[in-house]
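First chain A sits with chain B, and in the next complex the same chain sits with chain C.
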Partner chain A sequence: MLFKYLSAKNEDIPPGSAAIFFGFSAIFWFVVGTGLGSFNAAKLAFPDFVTGTELFAFGHMRQVHVLAVIVGWISMAFAMTMMYMTPALGNTRMWSEKLGLWTALLWNVGLSSALLSLWIGITSGREYSDFAWPFDLVILLGVIAPLCVNVIMTIAHRRTQGIYITNWFFGACTFMVGIVLLVGNSPEYFHLTGLSEAYLTWWNAHNLLGLWITPVAAAIAYYTIPKLTGNPLYSHRIGHMHFWSIVVFYSTPASHHLMSSPLPEWLKSFASVEGVLILIPAVAFVANILLTMKGKWSMFVENIEIKFSVTGVFLAIPLNMQGGFQQTRSINWFIHGTGWIVAHAHLALLGMSTFLEIAAVYFGLQQMLKRKLYSLALANFHYWFVLIGFCTYWISMTIAGLIQGAGKIYEVPYIDVVIAEHPYMIARWVGGTMVFTGNLVWLYNMWMTARVGTLVPDGRYAHELAYER
Partner chain B sequence: MAFKEYRLGAAMVGGALGLSMTITIFMPSFDLRSAVSTKMALEKQLSAGFDIGFGYADPLLLGINRPITVDLETDPKTGAKLDPPVRAYVYKAGVPMPPNIRHPHDLGKGVQDLSESQGQISTVSGSNHSKGSQEGVVFTLALGEFNGEELTYIENASVTKGWTPDATLAAAGDKNTHLISKGKTEFVVQGCWWCHTLLPEQTQDWQAFGAPPYLGDFNGENPTAFGSDRKAPDILHVASRNSSREWMMMHFFNPRLVQVNSIMPRFDYLWGDKDAQGNTIDFDKWRAEYKEYSEGKRTYPPEVPDYAPDSEIRALIDWVLSLK
Partner chain C sequence: MAWKMDNPLYSLSDEQEQQQILKMWGEERMGGLIHPANNRLPFPLTFLIALIILTAFMLTMPIWGQRPTAAIYQTHVELMNSPEVQKLATAEEKMKYINTEAYNRAPDNALKGQLERHPIDWYDLQNLAPHIIELQKQTKYPLDNFTVLGDKVVLANFEGNFRADGVRERKQPWWDKGYTIDVFYVSYYCLWMFIMIKRLPHFSKKPVTT
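Let's turn to the complex of A and B:
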């Protein structure tokens, strides 16, 4: 139904069309990504589950799960929020709603074909940049570049005087992630080899998290929390400290992912110190948001978007405490390469980041559709399934990682570690399946909102209306 | 648009990101470029060849247009006996050259000089990273001395000894042919590296999984595929611990045959349709018999079929057994 606007004149396209397209695409990819995650987890718990076929082998599906979640769910949810927050904060329209719609279409087509080719085994063999380089170029030039142009031009054509912190992040991060993808994939474009290839692989992976996923997720919270609570942001200045310390500190510690490789020692030490300094933006963000909540804590119980957002901010606390210290040499020695890291990665992507994005997608879709959420009960079901499922996953993988680390240090034969981890692998599968189930319910809930949700009168916000179901 | 804070801000973002990239990319590049290829790196580079990931020569990652590693017991040209056997790396016509033939600087000081002066690698005709040489080349490794230091270097045996690819393959025979490059392609495509890392760490790994790699052990390798999420033993030196082809066969066909608690997937699909004798492999029958065995109704598990010489599993086992 949105396809009819692809060839319409830009002025004739209703504002929010691109955000709606991106929003539903993001939820769809979230369902796909978590479904694949649940399937893969089942294979780790029960190795003979679906066996004997190449396409359904673990090694063919693991990377499809990772990239469906990162490029599909998380990045498209980011694009969705940019498509409605950036113009709202500039008191204007999107620079080009039409370009936004085309970006969403190309994103879906490009990602589907990239994931299919990855699934059948066409890969670069580089973690987090597994796509063959033609698909890397499609993502860089067909997806990130138009998104960046659209966001920055919208900010440039704003009708407000200052630039709010959220837009600082949106403008800078869409630009910086383009640079990261360009430089990070250079081993594929220019056939770099050896330790340079290994290092740039992790430079790319680190900065995708550091200059894209973490800061944009935080930028979203800077919008949703003040907007929904009606409180002004506690401190714009602390927000700026967050922004600048992200750019300076989070862009440098890439080599802490390769502490046991023969990279130069000065680089590893530098990365380790910079890695601890990530606590500065982290504390600034968490403190700023939680202080903004002052006097409105009842909304943490009553309002579904605040419930998701604040949970995401709470999850940022263990995330950053782990992230700051687990990459120092002494702790990294114990936990490197274990399930602890898997737990930490899911705490970042499925915990902190996803909870903030879910809130923004709930809020944004209601605003752009001008319809009240179909069912609060289903939304609460979604919240608890994602939260309990995630916690089950996170705690079980953390314990499994500590067992694995101890096995590594105390010279336990590897197979004994595999046996000890088995119960936690089952728990991981149960947790992942709960997240998947919750997301299916969410997709249904949002679909019903678009179809039969009560219309929000002009000039009102959806969260000002009472829930009906 | 009189308000200019965004201009200053944009310049500052550019400056900060530029500084960060200077420290994290430009400065380490001097350290990385000074790495001198070790013997391990040269062996890996010559046996794996050009980038394993997606490329023009092998877009679907089927393991085509890849070098072949052989152990020679007789000289392909003169027929003289070679004792000990010599390992040679055969690049047939059109097979892309290994990366450092095109960029010899990356071999590192000494190795580059010896490979060019003694090893004659600059004479590879039509050396192009994607098209390869027109007549094909055979490389070997040789020992030489540079500034009083003993170094291993690459020798272009097609020039120095007159070995042609076809004669070299014929002299070696299928028994001494190792499809290592195709095997590494399988390693990447089948996602082995999501569980088996290629990076032993400085702890008990040293004893259980062998020496951690040194600077210079990776020159010319792409992808390095270290792996990050170790759910299984590190395999950088696996063939030093276990070089039994029969064990590998059973373990790949169904890991529970040799290790009941293993969570490794079955890779029986890599056998293809036919076994070594050309008979169709009856997977359903095998699985039914294995089920009986695992339920205690049979004393012995069914026999693992011998793989065909052109099967994917042969290449994968060849690669695993090259990881000394």
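Let's turn to the complex of A and C:
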């Protein structure tokens, strides 16, 4: 249905069309990404699982999982929220719904091609930027640039005097992530090697987290929590503190990913201090949201979107406590290159960020489709499967990382460490598979919502209506 | 945009501007959302931020997480060919004796701590020993200017002060220019946040709805 609007006039396209396109695409890529994660985890738990063809070797499959989740699920969920929150917060409509639809189409086609090329082995070999450089350009020029233009032009054409905090983040982050991709991928465009390549690879990876995934996820919570609870955001000035400390402190500590490299030590010292200072935006965000919940904590139990959102905010606490301290010289010495880092990355992407996005996609799709969620029971099933699955994964990988760290420091033979980790690899697979199962149920629930969900009358919100299932 | 500087801890904007802002906040509806409340930074949050800044500098000093230098294994190299070690049968026994002796002979707790954090095995020591013996013959850099990475010894890339002979010190410092940059950077941030926050209406005033 959405495809017919690709050639329609902008004013003839119903508001929210691009958000719906992005929303369902995001859920689809989440299912694909977590399915690949479950497959990869099975290979680590059971080394004889699917052998004999190099296409299904771990080295081929890992990056496909990582980028399907980041560029497919997380970034498309962000685009979806931008497509409905940005105009809503400016009391206007999207600057170009048509550009939004074309961006969604190009995004899906480009990502499918890029992942296919990655799967067959065409890769830059740079972590978090594994695509070959032509695909990097497609993402920059065909996906991020039009999204940025659409968001910033919508903010510029708003019908409000002020700009709500969520839109500060949306406008700034879509711009900043473009700069990150342009500069961060320069080793591929200009064949930079050695330390320059290493530094820019981690500058890119760090800032994808710091200037895109974490702040946009937080911006979403600044909308969903006040919107659903009916409370105003607790403090405008804490919002200022969060925004500026993200820009100042999250953009600078890239070299703390390379504490054992021959980068200048003073640069590592600078980055390490900045790394701990990441706790400033974190405490500002968590405090502002939790104080906004005052008097509405019953919704944490009763409302599925609040349940996901607040869980995401809670997960921001261990995320930033780990992130702030694990990069210091003394702790990095122990945990660098172990499963601890894998656990931490999942805490950021599958924990804090994903829970906030799921809430926004649930809320946004119901609003844009003007239909009540098909089944609360399935949504609760989704919540508990994703939460228990994630926690199983996170805890098991954290323990595995500590074992690896001890093995590394005390020079325990590698194979002994592999044997010691085996139970945790099985737990990792069980947890990842639970997340995948939960997401399959979510896709079904949203599909049924679009088809048979109860129609929401004009002027009402979906969350104001009672559930029927 | 009038500035008022007589009581900066109260507000940096004048009464008229504060009232204009409060009126706008009170009337504006953004997609049905009320403007964020004009609440102050809670004191525990301000305290926590100060604590974070202090912790950031204290915890990341280069004296924590120091790498092993060639200097800490000097005693190991001296002992490895001694008759006491040679008469021991296994690599484990040799290293146990050497480690205990090196620890006991360490003149201060700083070196003892380094030895505890950076244990070494017999085979790495055999690889390292010729390098350390060679380095002891040169005078340009002292042994604590060399970092031990596994079974390799390399000149550290710390950029310390220039000595009188024009050679740059490579010893791990307790403070470096990264920290100096951080002091200015954090100060600019705090100044910027102070201005941003104090330009807003004072927290005792609430949005005016009409």
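In the analysis below, the second predicted complex is superposed on the first by the 469 of 469 C-alpha atoms of A that agree within 3 Å, B and C clash if a C-alpha of one lies under 4 Å from a C-alpha of the other, contacts with A are read in each partner's own complex, and residues count from 1 in each chain.
The rule is short, and it goes like this: contacts are C-beta pairs under 8 Å (C-beta built on N, C-alpha and C of every residue); 3 or more make two chains touch, one makes a residue touch a chain.
Since this is a predicted model, take the numbers as computed values, not measurements.
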Looking at chain A, does chain B or chain C touch a larger number of its residues? B
In the overlaid three-chain picture, which partner chain does A:W244 touch, first (chain B) or second (chain C), both, or neither? both
Classify the contacts of A:R460 with the two partner chains as first (chain B alone), second (chain C alone), both, or neither. neither
After the superposition on A, what does A:T51 contact: first (chain B), second (chain C), both or neither? first
Scan A:Y234 for contacts with chain B and chain C and give back first, second, both or neither. second
Thinking of the overlay built on chain A, is A:V283 touched by chain B (first), by chain C (second), by both, or by neither? second
Report for A:P264: first if it touches chain B alone, second if chain C alone, otherwise both or neither. both
Between chain B (first) and chain C (second), which, if any, makes contact with A:L195: first, second, both or neither? first
Touching partner for A:Q161 - first (chain B), second (chain C), both, neither: both
So in the superposed three-chain picture, is A:R469 touching just chain B, just chain C, both, or none of them (first/second/both/neither)? neither
I'd like to check the shared interface: which positions of chain A are touched by both chain B and chain C across the two complexes? 161-162, 244, 248, 252, 262, 264, 267, 270-271, 333, 410-411
Could you pull out which chain A residues touch chain B in their complex? 43-44, 47-48, 51-54, 57-60, 62-63, 121-127, 132-134, 155-156, 161-163, 168, 171-172, 175-176, 179, 183, 187-188, 191-201, 203, 244, 247-248, 251-252, 254-255, 257-258, 260-264, 267, 270-271, 333, 336-339, 341-342, 404, 408-411, 414-415, 418-419, 422, 425
Contact footprint of chain A on chain B as seen in their complex: 3, 5-6, 9-10, 12-13, 16-17, 19-21, 23-25, 27-29, 31-32, 35, 41, 45, 50-54, 59-61, 99-100, 106, 129, 188-195, 197, 199-205, 207-208, 212-215, 217-233, 255-256, 259, 261-269, 283, 287
Chain C-facing residues of chain A, complex: 85, 88-91, 160-162, 164-165, 223, 226-227, 232-241, 244-245, 248-249, 252, 262, 264-277, 279-280, 283-284, 287, 291, 325, 328-333, 410-411
In the complex formed with chain A, which residues of chain C make contact? 24-25, 28-42, 45, 48-49, 52-53, 55-57, 59-60, 62, 64-66, 119, 121, 157-159, 172, 176-179, 181-182, 185-186, 189, 192-193, 196-197, 200, 203
